[in-house]
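The structure appears right after this line, and notes come after that.
Chain nomenclature is as follows: A, B and C, assigned in order of appearance, with residue numbering initiated at 1 for each chain independently.
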Amino acid sequence: MKRRIFMLLLLVLLVGVLPAWNKMEKAAGEQEIVVIIKNNTVPFWISVADGARAAGEEFGYKVTIKTPVETAEGSGNEQQAQLVDEAIAKGVDSVVMTPVDSKAIIPVVARLKEANIPIINLNTRIADDTLYETFVGLENINQGYDTAKALFDGMGGKGKIFIIEGSTGAQTSIDRVKGVEKALTEYPEIEVIAQQSANYNRAEALNVVQNLLQAHPDVDAIFCCNDEMALGAAEAVDAAGKTGQIKISGQDANDDACEAIREGKIFVTSYGNPYMQGYTAVQAAVDVLEGKEVELFYEVKTKVVNIDNVDTFKD
Amino acid sequence: MSFKKQNSASLISHILILLAVIAVMAFLRPESFWTVNNLSTVILQQAPYTILMAFGMSLAILAKGIDISMASVMVLSCYLSAPFFKEGNWLLGVLIAFGVGIGFGICNGLLISKIRIEPFIATFSVDFVALGIAYVVCNGKYIYGFSNSFRWITNGELIPGIPNVALITIVVFLLLLFLTRYTIYGRELYSVGYNAVAAQHSGIRVDRMIISVYAINGSLAALTGILFLGRLNAADPSIRGTLTMDSIASALVGGIAFGGGKGSVVNTVIGALIIMFIRNGMNILGISTNWQQSVVGLIILLSTFYNLGIENVIKKIIALRSMDQKQPVQ
Amino acid sequence: MTVDESNVILKMTGITKRFPGTLALDKVQLTCERGKVHVLLGENGAGKSTLMKIISGEYQRDEGTVWFNGREVNFTNVRQAMAAGISMIHQELSLLPERTIAQNIYLGHEPEKEGFKGIVDQKKMVTDSKALMDSLGLDMDPQTSVKKLSIAQQQMVEVVKALSQEVRLVIMDEPTSSLTSREINKLFEIVERLKQNGTAIIYISHRMDEIKRIGDSITVMRDGQYIDTVSAAEADLDTLITMMVGRKIQKMYERNYREPGKVIFETDNLCGLRFRDVNIKVREGEIVSLSGLIGAGRTEFAKAVFGIDPIDAGCFKLYGRQINRIDPTNAIKYSMCLLPEDRKKEGLVLQTPIKENLTAACLKKTFKMGILRNKPENEIGEKYVRELRVATPNADKIVGELSGGNQQKVVIGKWLETGCKFLIFDEPTRGIDVGAKCEIYILLDSLVHQGYGILLITSELNEVIGISDRVYVMKDGEITGELTRDELSQDRIMRYAVGEGEVV
């Protein structure tokens, strides 16, 4: 019994001391902005992180990048929730948030709001816009629309296409497909003959496209919701000996995709300027912390990338 | 009922599942599914990777274990060797790929046999370790674009009409079939799978056997990785995808029983083809990719139920035909 | 023999049971009286277990009538039989190791707290178990968890469990197969008490000596048929065996003693898990028994010598080779083998054919270049099936489908094929019927004549005395005595085994 009381006292002591210790640590340093993004394995997100860090250095804030460990969609939300709770416990000053799952994140972000920590929404929208101060990102619908238009023009305004979606439920994929649909209304002679998900995964896209080509050998173009899948699709088309005949579009303009554009394997992709996204998000957070007015939406402009500007688009 | 007949009953029943899957798809979409081009794409281009990985998984399961780490070990060996393949330093690339694969395999084997960690837990942990290192090494930079001569290893056709990857898979299949069925090694592997304690009492070095099985798994992962580089033209951690689960599913659907000793690599091939044809057929039918997961799960369940039912019927037919002597019931 | 009709509790007549392809029971009869022990005797496969399962409701009969407690009954499941007062103690222990004795005893019929339906009255359960155990003369704490008990104690708990409900008939299926003689005495005391209470007992056993000790009447079965019922007092052992096996067995223990040769196995202060400072030797052409109570450390000793378990200190010499560390692979290479205590778990791969088990320990010798071939394996299979008289149509049959005695013959064949000359046999005759036992004794005798040396571990004293050249007795991990053939007696062995050796 004595031991139990002792343990209880120890526990109370610990619980009492920990937050105080946290505050001490904070008082000693500068103000901290936590940036929670989707992962740190894909080039796109590494650029976002680079941009965020650069902004932090420029404005004199401490920027910490946090990501879920696995890329799998299912576990991502859980892990982001944990990261948010850690941020609350630590008492950071602002959180930049890119949700893996736009809806499931709502209750988690609401906890930040309760703790009076301002939230900047980055890249992928949180489904409840009362929760965040501002949204920084590109308009995925516009990005999809612009790329689709470039692809359709390349096809001469008519033909049959596949749409390869990203992970089911991912807002980026949903919006980009909406963009394609918007473009389709302007091109009545373009027909979607198959639409399937390849989970933003290169190897999966290779198999899916290879299988779809069996059912529809007469396809003229493939719209993919990111570059990874476009690269997989390119290999499938290559294996079928139809490189150049079937035009492929990606999104994000990562290094591999640019290389594939130079090789003529991918027709067009779209640059979402991830560095700028990260930078702008931290800048917005700084503005909020310093009491400046912020707009509801900072749109980072996208750029269509094809063989003509593949070497110059980043300038 | 003799030993061999039991096994052939199980095999026949699983070939029937495969034929049923093909028949259903061919009936629904004869014009796109039931074509030489499609069948050869699935069998010769898509299935080999799953089959090679599932071979390793099957060996582990036959030895009463499991290897969750295979796909991640594959990704890591891929990643570490890819720069050398890209430079054209093939020998070093092969050495590194197999070094990593076999190294992690031996590590798994040691954890399981010497430290006596449950196979699932040991390989599950190693899976995280390997994938973690792969992410660190990769650091978001993919390695893209390999020479045509390197990609020839995978996509070229040494025998016209059969891509090299399929040829390699057939060779590996024959080697493993020979190894498991016609050598002392194979006999010892099955003994360890059935009853490791009795195997030990018979003087079989169980620890060495287990280590060697996981080392073979590692080298199969490395081989798959090299071939995958050629197919995908890139080293990319996402190729790990569902390969581990697909290879476990292949073994199960093919009729290799958890708990060791039952089945052979022939079952593995059948199982992998069942899975690949389901994925292919559903793509062609235009059914969402997400449904494929559920369907694969259902097929695993079905084949388990089916094992219990149809297999017994087939056993009885074989028993009748061969006029097996009636065994008294104790 | 005569039966007091008024005293009959169970009467079975014309019982027939068919399984697909076999006639398991053919018009069998059995009559049991209150307060009497009825012994059921027969080789494995004679139909004893099937008959018992019909009484206890596990199987349904195809023909015949069963009268129990004055009424004709037809139990369709075990619960009905239990409710009528029939309780069966299985050969294999079926207790939950993580639970206490009391919880095990009342498993399935826990007493409920007064006024609280569905709530177990723990206190009552403990006190009732205690009372029950006291009444049987057992001194155990009902709150001990079962995993801490020895096999023998667990067996006692099984008995108590069977008696925790109102019981009219108790079936004991080889209850003594894993007990030492002291524990057997305890069990027989309990049987006596049950008899006094008017409970009828059906007792299945292979052990001739105990049958005469506690049996009142004996029914012999063979090949699913009823042979005869005799009074235990008048029964003659040889007659019983002849009735059981259907042929005359000359003598149980056949030994032709000869002068032993050189020492092939000698330990030097060997220590390991649960044994220490063991110094024994075995010579060529000798059967040396290692006797003692269960748990004395004999099996642990054998496992350490064979390299399954580690040797902590000391060493041993095998054919002149000094050995400090060993594993089974090398043990076999050095011409030593261990026939393990548990043949199903340790001795055989039950799912594989006879021939594959026969070659399991000498694969490299049988198959050149590491490639399996049918011919040598089939030859080996046929050779041992023939020589050891394994009852099977061919060597392709799955080992798990054989009876215990035949399985044991396969394990022996496996070791003979290796060519190992020093054999350690751990309980080679446990759970094996008389006919097969006899064959094994004859085989052991012929082996020592061919120059083999045998170390025999057995709990059956008759066996020790019947076939040993020399005996070491072990107690609590130490050798407490050595007896030559001329000195052997049950009494002497027991004194050393329980630690009163010096008093003699």
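Please note the rule applied: contacts are C-beta pairs under 8 Å (C-beta built on N, C-alpha and C of every residue); 3 or more make two chains touch, one makes a residue touch a chain.
The structure presented is a predicted model; accordingly, all values stated were derived computationally and were not measured.
**Student:** Taking the mean of each chain's Cα atoms, which chain ends up nearest the overall Cα mean?
**Tutor:** Chain B is the most central one.
**Student:** Let me spell it out: compute each chain's centre from its C-alpha atoms, then which one is farthest from chain B's centre?
**Tutor:** The most distant chain relative to chain B turns out to be C.
**Student:** Find the geometric centre of each of chain A and chain B from their Cα atoms only, then give the gap between the two centres in Å, rounded to an integer.
**Tutor:** Each chain reduced to its C-alpha mean, chain A and chain B end up 34 Å apart.
**Student:** Measuring centre to centre with CA averages, how many angstrom lie between chain A and chain C?
**Tutor:** Centre separation, chain A to chain C: 70 Å.
**Student:** Take the average of all CA coordinates in chain B, do the same for chain C, and state the distance between these two points in whole angstrom.
**Tutor:** 44
**Student:** Going by the contact rule set out above, which residues of chain A touch chain B in the complex?
**Tutor:** 40-43, 45-46, 71, 168, 194, 196-204, 206-208, 210-212, 214-216, 228, 231-232, 235, 239, 254-256, 259-260, 263
**Student:** Applying the document's contact rule, which stretches of chain C touch chain B when the two form their complex?
**Tutor:** Of all residues in chain C, those touching chain B are 19-22, 24, 44-45, 306, 308, 327-329, 331-333, 338, 340, 345-353, 356, 360-361, 363-364, 367, 370-372, 393, 396-398, 401, 403, 414.
**Student:** Could you list, by residue number, the parts of chain B that touch chain A in their complex?
**Tutor:** Chain B reaches chain A through residues 29, 32-33, 35, 37-38, 41-42, 45-46, 135, 138-142, 144-145, 155, 228, 231-234, 236-239, 241-242, 279-280, 283-284, 286, 288-290.
**Student:** What residues on chain B touch chain C, complex-wise?
**Tutor:** The contact residues of chain B facing chain C are 1-3, 181-188, 190-191, 194-195, 197-205, 261, 325-330.
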